[in-house]
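I've put the structures underneath this note.
Two complexes, one shared chain (chain A), two partners (chain B, chain C).
Now for the complex of A and B:
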């Protein structure tokens, strides 16, 4: 099972978040990307948030764009279509791209992306919440929650190579990822990446469950040896 | 520009984020974390975790290593660990910036708490070269000390089988609200680079113009993860309710002497440095940041001991008069001539020359009045180069 780090990226800096909108500054992007590499993570998931953090940022010599230093495989989430239209060069360092809002569009919309990147590079990004006992999918661009159905889940997996199931409420809260989600919808875990509230102590468990990958969120930089136990 | 409605902060070197409260106030991450500290966080549970899990681990000879610099915070940390019967090794990494007051406080700490100690003196010639290079390339004089400090203490802890390194305050957390108290934060290479070394890696630091042999650069490099595995470095402020200014005053009970810092509000913090509230502070301003005093005043506002109006007035007053005299750094430490110092001021100081003082400020700043201090004797000697036996 691959273990990656998930960071939120905005204006050359990286952020942590608790839930979807409670941000804390993490550090300059180059430092963060280098550290993720040195910590032994297999890949990095970079989220460009639809609602960016409010911050009094100062530029530093270590703030850079996404392509400033990426030595490990990278998934980019957020604003991919915009980048394709206005700044395609930024995508040259990216191995895979993940989409959220396009998942709620007709299949032909995401097929265009598949045609450009190839299916192996297209990942679905599915943020979910449990609201009043019902699992809802979150459309980030339109800021709307939609009740999840098995048909919707099947559609996503038919057009994406892998799907990131992102427990938004657990993001930043280590050990609180809602595993009931995968049993509720019979998720094909071998093509699923779990993200949001996954703890380093859960890694072996997720591996046994058959997940293709997990992404650690804020905790990925809270110590040097965060995944050493799993890598051994 | 966004500004916190509570403490007036707009930005910080550690990074601030802002949120709207239910009352539609804009609050910075530092104030938000402070609110969590005071009203929400379970400090009893956090303390239990610290004392039953982390501090219960024993080493071969020493259980904990405590880096000290002659600061009142050191007294608090050592006193606390002593109360738990931990076997402590205090370590001083000499930055050659300490005055006689700092050395007096360090020796008093060792005597008062009866702890073993190690003093590490980096090679003085190399160190001066590091500092000169750091000043020239990065406008910083503390970077080499921080790099050497963190490398040395981790390697020493590993060598002596000390499982835990204990720091007091996690400044990025306490001052900028950068981490949550639930984050189980540890010191790491990333943390050191990001917060102590201004984002500058050893490879960036070392380059042409640094006139040293390559083996001398090792002091600057944080040890690889595998080399120091088994050593954990924690911050007590992650587990104990932390009020730096109030805790610092407790050091008086153990014979601590605070200085007369004209540019500090907390007269106990970083006492005994010849540069911290002088040249180092001025360099912060040169880099577009605020003086350290502003962090201390904001902490007072958050704890409700000062109004925001008073804080803003003190901040305005502070920046309205000459504050910094640091010629002795050039002449006494770097070995510059007077003309060398003049050249630096003429060519390298880009803004706020109005803050430069013609001579040392001899009167105790009225900022200290707010600390309700007794009259303390000022240091007699700056840049005291203390070495064992000499």
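Now for the complex of A and C:
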């Protein structure tokens, strides 16, 4: 099982988040990426939010810090379609791309991306919440919650190589990833990356369950939670 | 100078960063007439059929073939490796550059998605042209963990006696890498294989 780090990136800075509502400044992207590389993670998932996580943020750093050297593969989430159209250069330092909004479009919409990157590089990003007992998927670009169905789940697994199942409410909280979601929709865990609330102490459990990967969020970037020694 | 072929796709910047970190000069080659000598790298993170179409459209195929004949170091990474072979079945299929006696095919449907992750790799340097070995000193074998991400795999066209280390352990019938003197293909991504990748960069020294 791969163990990746998940960071929220905005204009050269990285941020911690709790439930993707509350944000705290984490550090410069250069320092954060170097730490992630150094501490033995399999890969890094960089989430680019559409809006600044914090108000009053200085945007003096260029947004191209994503393309500095990282010895591990990079998955980019957020604004990939826009980058393809307006700033394709930024994608030349990315190994896999993850999509959220395109999952809600007809299947042919993602074919263009498959033609460019190859199917193995296309990952689905499915943030979910449990609201009034119903699991809802979050469509980031339209900012709406949509009730999840098994048909929708089947569709995204047919068009993506792997899918990041992101428990938004558990993001930044140790040991709280909602495994019932996995059971309810009979998620094919061998093609699933669990993200949100997964901590280093959960690794053995998720590995036994057969997940292809997990992404550790904020906590992975704190010195008392390093995973040195966990083989890539 | 190390030349990274840039036809508009592939993780060329990652490769450039990898070489830069290893204190090796490289440039992105966007047109064949810009080439003035040095090793050539074909990047990955692409559909190999698409990559081949663009190589031919931009006339890189002739440059690469000519350089290979002249003994220039040619390195193909992932889709770039697949493009060096005779044929790829990815996408709509495409004739390869014919520089390595291999074919690219879909990995068995028993494996439901791509091969993605880190695997142990052992590289036998004995078939490499000696002038590209100097960066490795006396070593004749390299071992390490490398990152793979591919849904199509490379197989040799004819039965060949290859060491077990050449074969992808997951399928047993696809290649991790292939070396033919000055032409090398890596199915994995050395530019994203951390320490082992940095060791492999010495091939360009």
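Please note the rule applied: the second predicted complex is superposed on the first by the 215 of 232 C-alpha atoms of A that agree within 3 Å, B and C clash if a C-alpha of one lies under 4 Å from a C-alpha of the other, contacts with A are read in each partner's own complex, and residues count from 1 in each chain.
Throughout what follows, a residue touches a chain if its C-beta (ideal position, glycine included) is under 8 Å from a C-beta of that chain, and two chains touch if they have at least 3 such contacts.
Since we're looking at a predicted model, the values are computed, not measured.
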Touched partner set for A:108, first chain B, second chain C, both or neither: neither
Partner chain(s) touched by A:93 [first = chain B, second = chain C, both, neither]: second
Partner chain(s) touched by A:172 [first = chain B, second = chain C, both, neither]: first
First (chain B), second (chain C), both or neither touched by A:13: first
Which superposed partner A:190 touches (first chain B, second chain C, both, neither): second
First (chain B), second (chain C), both or neither touched by A:54: first
Shared chain A surface residues [contacts with chain B and with chain C]: none
Footprint of chain B on chain A - complex, ascending: 13, 15-16, 18, 22-28, 30-32, 34-35, 38-39, 53-58, 60-62, 172-174, 218-219, 221-225, 228
In the complex, chain C residues that touch chain A: 8-14, 17-18, 20-21, 45-48, 50, 79, 90-91, 112-118, 145, 147, 149-151, 189, 192-195, 197-198
Complex contacts: residues of chain A adjacent to chain C: 2, 37, 42-43, 67-74, 88-89, 92-96, 114-121, 161-162, 188, 190-191, 212-213, 231-232
Of all residues in chain B, those that touch chain A in their complex: 1-2, 9-19, 26, 29, 176-180, 182-186, 188-191, 193-194, 198-201, 225, 229, 288
